[in-house]
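Chain IDs A, B, C and D follow the sequence of writing; residue 1 opens each chain.
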């Protein structure tokens, strides 16, 4: 199941080429993952209040097309791997039918001591598992 | 006494006019205020660990000249007012002798409950008072 | 006539106090001004393609309340002054009925040589004038 | 030959975990690549003025340790691949001897029409080739 987020490119996100700067795409992807969690009932504020953190361990992103001011972008987010204390999303940024960028994002959960830890049962959700797993 | 910070404009700080975006100047000013505190012996990490926060209550900034990639900027920071739980800095951003921007920044201290509070004596420093006060 | 924009606070806009960083409000205000122009038929891309720029000459912003992740913010933008080559907006950022921040933003138009110039007639719009002017 | 850049983490680069946000590392890497070009005599402003662009085609970044306010970071930048119209840098972000993050960054050159093009001879530099090539 692909989760869908939408956003529109803002002026201050564009650099001197008038294109969305490559680092801003990581903001977009983070936004979409947070929307994914929210829409799947994950209580992020409670999770953080209990001392847990979701961190990004690795991102591999391919930039395919430039995005510019006012572009309406769709971000697809889908889980593609799940381990006990980590997982991977595949995320695609699209403008209409055209692929602007795509990324594999590996995440992990840390406890209050900053150590890798399984997602507490209270927060776990089937949405974090690839279909069929 | 004017405190001096220096920085060089980075590529990702420039917008589609190839100028430093107006919001980025507030980043620069925050950076310079943090350097001011550090250079005056203010233990910011300890301050935050004790639950205090320094927040910005008001900024009035005049943009005079554009700054561009690789510009070497100097930021002057000087206290111009001091109350029990708040104060004001005047900050000037210069490129060589030319004024790029200047701002009055009003700050306040909040306690762990988010309420205005005097700076704890342990953290107070004469550097936060205008000369002669 | 107040123009209304809406946005939701994103995770990467929050700083180590878990509040929207003060510089980010200027991004929000710029976003709202661009929406104002768009919704009033101002062809910004054509304007820029002809070598013009709208720059910010001054911002005076009062921070009233903190905004945090997922806050739904409304930004009101209204013209409060108009000169030949410049003008001023008053902008208010609200969460529900509560005032989060408000700002006076002075803008000016520059030509391709970077000199102040009246807005070309083709781009001018009554929306940039305060009501009754 | 590894090129070395240095920077210090600024307050506004930290997110609500009080860590440098993952997107900010891409800003740091871009900064270091621009320093690499500058220190190797690449005239970036002239390059852009002639209508060329260097774009990022792919970034694969591994996050190893968190960076926090005032951390003094060193960024190593070294070419590891070179094709006619593209190449790859390996970049490492270090704090003291500890690896904070490392990335492979694939770049390409576009002409004024946005098409991939060899680096014009005037701008090419042996520094963009891995040692021994």
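The rule is short, and it goes like this: a residue touches a chain if its C-beta (ideal position, glycine included) is under 8 Å from a C-beta of that chain, and two chains touch if they have at least 3 such contacts.
Source: prediction; values computed, not measured.
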item: Distance-maximising chain from chain B - centres being C-alpha averages; value: A
item: Which of A-D and A-B has more C-beta pairs touching across its chains; value: A-D
item: Chain A and chain C, separation of their C-alpha mean positions in angstrom; value: 29
item: Centre-of-Cα separation between chain B and chain A, whole angstrom; value: 33
item: Whole-Å gap separating chain A and chain D, where each centre is the average of the chain's CA atoms; value: 23
item: Set of chain A residues in contact with two or more other chains; value: 11-12, 16-17, 21, 23, 27, 30, 69
item: Of chain C, residues touching chain B in the complex; value: 16-17, 21-24, 26-27, 30, 48, 53, 55-63, 66, 114
item: Footprint of chain B on chain D - complex, ascending; value: 10-12, 27, 30-31, 34, 38, 44-45, 69-70
item: Parts of chain B lying in touch with chain A, wherever the complex brings them together; value: 11-12, 14-18, 21, 23, 69
